[in-house]
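Just so it is clear, A, B, C and D label the chains in written order, and each chain counts residues from 1 on its own.
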């Protein structure tokens, strides 16, 4: 950490910064410069509270040199984390994993049909919300616990794994009893009570980037999970808020290589929420794989026009099958391959 | 709702849009135009799911004419809501209410000293977090329930009302037993499970705008509270995420008149989080009152340099007293006045 | 255009909107709705000035149904524009074109070496700035006209085409005498005097998206060029301003399919400025091609560590050669191929 | 400048950074830390090109400690700049200056009527565009040089000073012959050819903040003007691009105190463009004065409903008069006062 003093800060003010740093248990190294003095804080273990220093008289700004996160960083653990799931599926290794399915579980017929269709095209994990965070209290909010049962049934029939969202501590308990991956949605990325609960769930967690979250904040939220002892964390880029409303979100594909450099955790991408428009999902899914994503998460619905939520961004099953054919080749270009579903009953 | 068809959409496609609208129970009115046809959906009660229409073949875009929220809108209720609190304090009427205090409750001495100081200068409500949402799991997370007791003690001694944050359904229960206002923080603005709990808490709720929330989304989150039967809702602008990191947030003062036109709910402003820098808090607090805010929420600490959180944005007590003198005059310019604290023991 | 009235707007107010529309020479169609009345403006030729209507009493908002641009839209011209350049190079057809070279022309040796290297790897157009728009007046501003001569020499030797930026009307004249493509930089996307000059330059124009420009604004700026009679326009996504400073810009790859649907003009992508970091350029270049870009523009420098500008985002020549190998396969996946350079002296 | 090395950077890599710094003519000070080594660059005169260092092997990031601008900073010149205009008007001193008038000059009657009205209410400078930068080539683009003559006539009659925009080097010449202040619009804030021309114009310049410009970039653009020898520069906040389209721009009032701390140049605010909506202009104008702006710039039109541009954000003359009464009191609260117009013929 570097405490930059104002031009013309008094010797007194510099001395005070030094002594506050020392009070906090760190070493201070003043460096007089051409325009101003800066004071280095040495020994930062990632727990220094900058705001104590920012407000001191004569301080211009506090610059963070150390990363604020720890266990999620590549400096803490050099080798990439591979999250191992039942049936030999692994996220973060050589294989690129495809998660697909409808936005929400609507009824038995719909979820079973979707499961069969995405499995046939090559997905290995089924997505589908039992609880749906909706901006409006009057929108369809999901089937709740009966939805979880339908997901379990779909898994039984197709051998697909299940990934579904939990919205509160109770939900984490229910979801982790049934699902293979507990999803934390973008709107809850900084719901720290929920993160703590998910950190203790005993199941891998898929953590979606918040709509206005920096990469640093995403990694700090993941740190909450690791700090509770859960190391099976998968990050997910799903679009951030941009100024152009022509797409629902601004799908930040560069987050993929950025995260991969800073952290050992796998990162996948969700082009369906990332763009919000069906005809943009396919090119963006290809782009995410080309950029090196460890997986993609795609909304597919047997009958998008009749979907209870997010119909406009759901692919038709045959579009999804075409997409799978394309990403298989792209994955190979960069030395990876698309994970294939296990045979049913295997 | 207006469904805009693509240029060259077929008669077939237009017909399908019309029939889907009718299936949904509304009336459809096609309007052929110079460049393209648009189909009006008449009778929208705020529950139409646009995504079913967005994805239909031939549809270019769906334009919302009706507001997606209902009970929070000025069209639902013309007169401004006045949230009435104990001791005759009211938010949303002629008086401008000042909420002040430290970022977090640290210990008995600190909170009592802060309470006395802000009361003396003219605040009527004491703020102070017992639970603190922090980006990093390693930062100070608040005292928890013992912090609530200290707030209660401060109220006893100073007759200030108490406003403090709840972060999960359990927290809502504990906070609503003690506080006069339950605060929902910016990071939880779309934590819908929390909103539902707060909607049933039986206490007024202060809802902060999320970091990337549009005004429409803020009002939809408030709608969750009203939909649960809680009509005592106070909105709060506290800065949104901007592209310039020179301030912590971009304090959107224009949100004040924008909300006041669309909704009957009161709106206050928090210049401390809005800017994140002590020397910007004072001019921004004045600006918020000049713009017509129904109140301001300001961080004040007896000794900001030693604060456990947000020290750099907390005012010194004498700065706060000076601010109070200034906003008293500004409130009068626009025909309002600053609420004065009740005498102790009144 | 739809003029949405306030809830409770008077019959008088609605009548006035109707009569203003008729004064402007269009037809008005009032549509009474459940919550409010809307008035459709029929016959919009793209020249209606909405601000006259927005300010009328009783008007809530004005919604644009027609696009504000005309000649650039796919509705005006259905088939994709193919910009034909000397030597058989074409942008916007089946081939994906690679433009590469240093940020700025520094000296003869540097630009010739760069030209040979990028040609060898497979680029068909050489980039390199003779004038550089720099945030600071104290940064290297380019060689000016002598730089143009060096570019011409590089073309002579390598048969690469030349693309370089003009910053003012004089510059447009000089650049269009020498270059094959006149580039308008992001900072000048709404420099309308410059656009008018470029529209009359008689050379194809590469128009970069401004840092905070919506797609609609990008297309409107292109409309300035077409309105002056220049139909050889290539658009370029190069990253927009985001809230996360971890990358220099937020590279909006979804702009590629969005533009391709709305406009017949070709669109290429610049991952070098789009990310600002060398190790992100390669994955993002692959992603852009996978998303369907009509070309990519990449900074390559013979010796990036010694570059006078943008060294940190320039590829080493061998990195560029590896990238070319990868994008050749990706282009094929989506039914395209990378344009190959003509033999020298052909 | 601080060059932060990657965790585990080799001694070799650190040595190379040191030697590149020394080659550039500065001193290098390596500081080994707990997590990583950082190398301080001492003697930075504001001309160091960081990109040469950013790309070196082992470098994690380059952190700027010195400001990139020089002459515009408060460290260069401590006392606030007061821009002195004819007739004793001064911007940046104790008085708060009001600039008002229509968006564009439409005809003699309109501009004279507007001038009389705003003068009567208390404005001292008349605004009005002779050239208008418009997103669409089909919108009204201003009267051009005849518009300048009408402005001169309005000055003759009312003794108001004139502020009007120039869009290219030719325009700067024409405008500076007639106007008292040459305005550079937001879209041209980084049109560096225009800035250089304006820097040599011999007239004070009003520089508007670009739509996505950071404060640092605004100050760097101002530095272009000072570097050409023009020290009479007035900055202007006019709203930046935000994610919520409910207002045209996001009016960043906090830019006022931020700029005033970093720079000695005066800063005014334009709430008309800042919000784009008439009923938001008045509260935002009050807020800007309360925040300490050195002036405000407000669109006023004798008949907004018939305005050729920006009618929806122009105030009616009586609204403007009311606003003037309010800001007079607010200015006094913070120890300033509104400048009053000189008597005609004085």
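Note that in this section a residue touches a chain if its C-beta (ideal position, glycine included) is under 8 Å from a C-beta of that chain, and two chains touch if they have at least 3 such contacts.
Nothing here was measured: the structure is a model prediction, and the numbers come from that model.
Visitor: Relative to chain D, which chain's C-alpha centre is the most remote?
Guide: Ranked by distance of C-alpha centres from chain D, the top chain is A.
Visitor: Check C-D against A-D and say which one is joined by more contacting C-beta pairs.
Guide: Ranking C-D and A-D by C-beta contacts puts C-D first.
Visitor: Approximately how many whole Å separate the CA-defined centres of chain B and chain D?
Guide: The answer is 31 Å.
Visitor: In whole angstrom, what separates the CA-based centres of chain C and chain D?
Guide: The separation of the two C-alpha centroids amounts to 27 Å.
Visitor: Quick check: how many Å separate the C-alpha centres of chain A and chain D?
Guide: Result: the chain centres lie 39 Å from each other.
Visitor: Please set out, as single numbers or ranges, the residues of chain B touching at least two other chains.
Guide: 212, 240-243
Visitor: Which of line, ring, star, complete or other matches the graph of chains that touch?
Guide: complete
Visitor: Touching residues of chain C toward chain A in the complex: what are they?
Guide: Residues 212, 214-216, 240, 242-244, 246-247, 250-254, 256-258, 261, 274-275, 279-280, 283-284, 286-292, 326, 329-330, 332-334.
Visitor: Residue numbers of chain A touching chain D in their complex, please.
Guide: 2, 4, 7-8, 29, 31, 33-36, 38, 40, 42-45, 63, 65-67, 75, 241-243, 245
Visitor: Which part of chain D faces chain C closely enough to touch in the complex?
Guide: Interface residues on the chain D side: 20, 46-47, 49-52, 54-56, 68-70, 133-140, 167-169, 171, 187-188, 190-194, 210-212, 217, 220-221, 223-224, 227, 240-241, 278, 304-314.
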